[in-house]
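What follows is a pair of complexes built around chain A, which joins chain B in one and chain C in the other.
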Partner chain A sequence: MLNSRRLILAHFWLAFGVFGLALLLGAWQMFVRSPLQAWISNPEWYYRSLTAHGTVMGYVFPTLVAMGFGYAISEAALKQALIGRRWAWAGFWLIAVGAVTAMVPVSMGLASVLYTFYPPLIGNPFYYIGVVLVVVGSWIWVALMSINLHVWKRDHPGEPVPLAMFANVAGSYLWAWTAVGAALELLFQIIPVALGLRSTIDAGLARVFFSWTLHAIVYFWLIPTYIAYYTIFPRAIGGKLYSDPMGRLAFILFLVVSMPIGIHHAFADPQVGAGFKFIHSAFTALVALPTLLTIFTICATAEVAARMRGGRGPFGWIKALPWSNPIMLATALSFVMLGFGGAGGLINMSYQLNTTIHNTQWITGHFHLIFGGAIVIMYFAITYDLWPHLTGRALTSVRLMRAQLWLWFIGMIVTTFPWHWVGILGMPRRMAFFDYSSPALAADAMSVTMSAFGGFILVASSILFFAVLIQNRRAPQAEPGEYRFATAIHPPITLPAVLNGHALWIALMVGLTVTNYGFPIMQLLVTPETSVPAVYVGAEK
Partner chain B sequence: MSAESVFSLRNRWFITAVGITAGLFLLTAVVGLIVLPYAQRDVTFTSIWDAICSAAGVPQVRSSAAPVQPDFKVSTVVVTASMLGQPSQESIGRGATLAQQCAICHGPVGVSRADSPNLAGQYASAIYKQLKDFTSGARVNAIMTPFAVSLSEQDMVDLSAYYAYLPRLPAYHPEQGKPAPRIVVNGAPMRNIAACGSCHGALDNKAGSPWLEGQSAAYIRTQLQAFASGARRNDISQQMRNIARQMTPEEIDEVAQYYASQPPQSRRASSE
Partner chain C sequence: MTSSPHIHDDGAAVAARAERRWATLSIVIIVVIAGVAAFAGIHQATMPQVRVETADPTTLHIGGEFVETNLGSAAEPDGTVTVRAIGQRYSFTPQCILVPTDTPITLRATSSDVVHGLLIQGTNVNTMLVPGYVSVLTARFEKPGEHLMPCQEFCSIGHEGMWARVKVIDKAAFMNMTSNRRRLDCVE
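Right, the complex of A and B next:
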């Protein structure tokens, strides 16, 4: 039951529209700092583009996908018309207006501070205000998801909440709490300085606040992907989910442990004590758990489905999977990228190994592989799966869809593997310019060139993606039937209250935030003379 | 399925989840705050509490010896981007009167013909900082210092306001059309030199960095040489000394000629 089709379509179109633009910027960035192009001579253009690329890809695009998909889940999984559709539109417009508000100063070169803000760099206040509007818009979605679930639970006492909605709401709560760190940084630290009310800023404290957001935001991006693994993939390959409670456990673990670990982004920061860095590092190790659970459950799901289709042998069953199905393909490619990205992540999270790759291109390679690769390829899959139900027209070209997914996978591997490699060689990230004629950098030239070609392949893939969606507009009307999510082999009949609600897990998430962040934040707040003069960018002051 | 039954000591899930979480936190805290500090061979702690504070990041003075003091005056001016932002008309007026004593060298409208630096249109914060440094002795110049030492705090504020208010007039001998040297737009990354334009304007302006266009070549050259040799060391955190020391004499000459030849209106360097 999808009543709010226009609402959901609007989210997806805006998401992929801005994604397409930001992707072009990304490819341009790869190009201009590679040996393929003589230096553009103005680093400001590079950082301007980088700020726009990061802001759109990090804040606007995934938030819109999570929201659009979230509304679809709420209607389809609960079989209940969306409550608060007007509010949902308000949230959508807040995001649209916020994105434009943020992008105007960025394109004018008044806020080239990168999407991670990096105080004491301070840009035009409208940039930050735009970002705040985007976050506020998404908080409306959080509230609506919670309300819709609440109403459903009231009408269906004792019934298990459908897994898709359980996960969706877990993701929304995770986002609500995780965004608080950056919101505190923006509202109490950066925006007053950007408006000229203060001229100094505690950059160390700001970085701690940002780390509160920066790790878990990745899990907010990831949740739609995991929802697709658990509730779209099994149905798409003609099977059933191996274990429903295992899925719940995975999302619960994300909720609890993806937040109190962000200081692993600040291992090189002097303002945080080594003891807390260790605590965060140790908790980071725990986020591998939900992913390992997921890989197990989804592989088991695939195996059961394959054996039902006649697959035999310890590995022979893999052949029996419906490989021509785009969702099958996307999930498999996503797993491969998740595997490599996860392995690299083990190095980032280790307090000691981190020093070898800190602030190098390795990190850029890592998060593009996980987010741009494993996560975004499932956004495509979700779109393909949902689209006929939104437009009432079939997606006709399965081959084009497969080609698009393969290109995305190949492009992402070609982009990020050399990136990791030059990172190990010590190439720093966030640099606009490299002098490849220097003997110290000449060895990187080949890898950087390859990586740039990976970027072009990604652009080609995105063109195919839009071609698929545009073809759909011309396809004949077709009744796609009811949109449904995968069922489990043993669908839960009753569930313990903790697996059917979020309260306990939210309490633990907040509790761990207090234990893991409370002291570092308090200590920076009470230590005098920790602020430094703001460095305004862009405008000549 | 109400929340009440979840938060209850009789709910095994509740006990287990809270227990595991608390246990993990305690375990990591003991390792991170007690075991690991003691595992460092080169640090001695007076007590376990001392070890915990150290690992938690409480600022501590480890050495009782007094910090080494430099044998020269250091600039103590704190420059922020918004300082002296909105001067009053009165302040500008007072500055104009005071500036008469400066006119012999810096020119009647702040544009010098004698290789003294031009002050017209210079950022107020930059002028103020230099005057403070001349007064404190952080920057020394036999000709200029005597004129600065007698200035009061208010005098310096007013003079800065006045010169910042004056229009940037064309330089004395502008010779335009030269391409910007690479070091101005790109810096020299391999030598850790950021683009001059990323602090001094053209690409971006960072607080405290004076505006250089139209300044005489002789002045710019002398200043860069002084930074390089250490004769001038009032730049905060050695921002300029670290750069000038890495520059070749040819580069110093090139940027001096370039900036001297730039029209003062030019705010954004073209990339070619």
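Right, the complex of A and C next:
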């Protein structure tokens, strides 16, 4: 039951539209800093492009996917027409207007500060105001998800909340709270300075606020992908989910422990002491737990489905899986990238190993593999799965979909593996130019060239993706039937309140954030004379 | 469910047992990883700086430990070497840092304008430079040689040009040089 099809389609089209543009910028960046291109005449172009790429890919694209998918989940899983559709459209338009407001000064070169802001560099105020509008638009979605679940619970007392909706609402709360860090930084620190009301800013405090957002935002990007693992993948391969409560536990763990760990982004920072760095490092190890649980549950789900299809042997059952199904393929490729990316993440979480790769190209390689690879390939899968229900037309070209997914996977591996490697060699990130004629950098030339070709493969994959969606517009109308999510082998009949609601976990999330961030923030607030003069970009030209 | 409740319960029990075993193993893996990190930290293999120190970037050039004449490498009475450096758009001072082999080195550095960072290639020396705060870290170089030291954080449009060098020389030669110069560097 998808009543709000136009609303959901609008979110997906805008998401993938901006994604396509930002992807082109990314590929151009890979090209200009590789040995394929001689000195770029104005390095400012590179940082302008990098700011746009990061802002769109980090704040606009995944937010729109989570929102569009969230509305679909609310209607299909709860079998209840969306409450507050007008508000949902208001949220959508706030994001569209916010994205344009932010991108105008960026494209004019007035806000080349990168999506991480990092004051005392200060850009045009409209850049930051645009980002705030995007976040406010997404908060409308958070409220709507909460209200829709609340109404459903009132009408269905004691019934288990469908797993997809339970996870979707957990993801929305995670986003609402993690965005607070950057919101505090923008509203109380950066925007007053950008507007000229103040001329100094505490750069260390700003970095702590930003780390509050910067790590958990990754799990906000990840939640739609995990929802697809648990509630689309089992149904798509003709099976059932191995365990429903374990899925709930995984999402609960993300909600609770993805927040109080962000200071691992500040391991090399002077404004946080050793104690809290250690605490955040230990909590970061904990966030591997929901992923380890998920790997088990999803692999077990696949094995049960394969054995039902006649698969035999300790590993022979893998052959019996429906490999021609794009969802099967996307999930398997996503898992491979999640495995490599997760292993890299375990390296980043420890202070000791992080010192070797901190702020090198390893880091960019790492988050492109996890986000651009493992997560985004499932955004494609979600789109393919949902699309016929949104357009009322079948997706006919399964081969094209498989080719697109393979190309995305190959492109990501070719891009990110050499990227990790040059990071280990000590190549710093976010530079417009490298002098490969220097003997110390000559060793990086080959790897950077490979990465650039990986970027071109990704662009080719995205062209196929749009081709699939455009072909769908010309396909004959077909009634896709009800959109449904996977059921568990043993569906829950009743659930304890803690597995059926979010209140306790929100309390823990807020409580752990206060204990793990409260002291470092208070200490910086009371330390005198830490504010430094702002440096306005674009002012020196 | 068409299967009898009895068979259903058995299957559920087997599934739950497998799941519990995996969850236990996962927790053990995580405890071991966090334990190894804690062990390495406590044994000082690498430790972040313990205290937070501040420095006003607007007065660095007027007085205090980061005045220009005090930058570079200084031999301390206890046999260690302290290196003081600052980052500014778009260079480090000194642009070439001179250090001896086999000597405990303490690096003290800060920024005079925006956020910078430094890493020394081929080592695990890597820190942010945040204006307003002093970054402190310790290191020891075993072999003589030269390393590149780029800025590793975006610091505006000249970031790609912000590279310095670190030259590691024999300890005896270094100590000889300290007899006639208070602060050493290898800027030519």
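Assume the second predicted complex is superposed on the first by the 538 of 541 C-alpha atoms of A that agree within 3 Å, B and C clash if a C-alpha of one lies under 4 Å from a C-alpha of the other, contacts with A are read in each partner's own complex, and residues count from 1 in each chain.
Convention: a contact is a pair of C-beta atoms (placed from the backbone, for glycine too) under 8 Å apart; a residue touches a chain by one contact, two chains touch by 3 or more.
It should be emphasised that the depicted structure is a prediction, and the values quoted were computed from it without experimental measurement.
When the shared chain is aligned, chain C comes close enough to touch A:His490, but chain B does not. Touch criterion met: A:Met431 reaches chain B and chain C at once. Within the superposed three-chain model, A:Gly501 lies in touch with chain B and out of touch with chain C [touch as defined at top].
Shared-chain residue A:Pro322: touches no atom of chain B or chain C. Within the superposed three-chain model, A:Gly238 lies out of touch with both chain B and chain C [touch as defined at top]. Using the contact criterion defined above for the overlaid structures, shared-chain residue A:Pro157 touches chain B, although it does not reach chain C. Applying the stated contact rule after C-alpha superposition, one finds that A:Val256 touches chain B and leaves chain C untouched. By the touch criterion stated above, A:Ser531 is placed in contact with chain C alone, chain B being left untouched. Of the two partner chains placed by the overlay, only chain C lies in contact with A:Leu292; chain B stays clear of it. Residues 43-44, 271-274, 277-278, 282, 286, 431, 433-434, 440-441, 523, 527, 533, 535, 537 of chain A are contacted both by chain B in one complex and by chain C in the other.
Interface of chain A with chain B (complex): residues 39-44, 122, 153, 157-158, 196, 199-200, 256, 271-279, 282-283, 286, 431, 433-435, 438, 440-441, 496-498, 500-501, 503-505, 507-508, 511-512, 515-516, 519-520, 523, 527, 533-538, 540-541. Touching chain C in their complex are the following residues of chain A: 43-44, 46-47, 112, 114, 118, 120-121, 202-204, 207, 242-243, 246, 266-274, 277-278, 281-282, 285-286, 288-289, 292-293, 296-297, 300, 346, 349-352, 354-356, 358-360, 425-426, 428-434, 440-441, 489-490, 523, 527, 529-533, 535, 537.
Of all residues in chain C, those touching chain A in their complex are 8, 11-12, 15-16, 18-19, 22-23, 26-27, 29-30, 33-34, 36-38, 40-41, 45-54, 56-58, 89, 110, 113-115, 117, 119-122, 124-136, 148, 150-161.
Per the touch definition, chain B reaches chain A in the complex via residues 1-3, 5-7, 11, 13-14, 17-18, 21, 24-25, 28-29, 31-33, 36-37, 52, 54-59, 78-83, 85, 123, 182, 185-186, 189-190, 195, 198, 201, 203-207, 267, 271-272.
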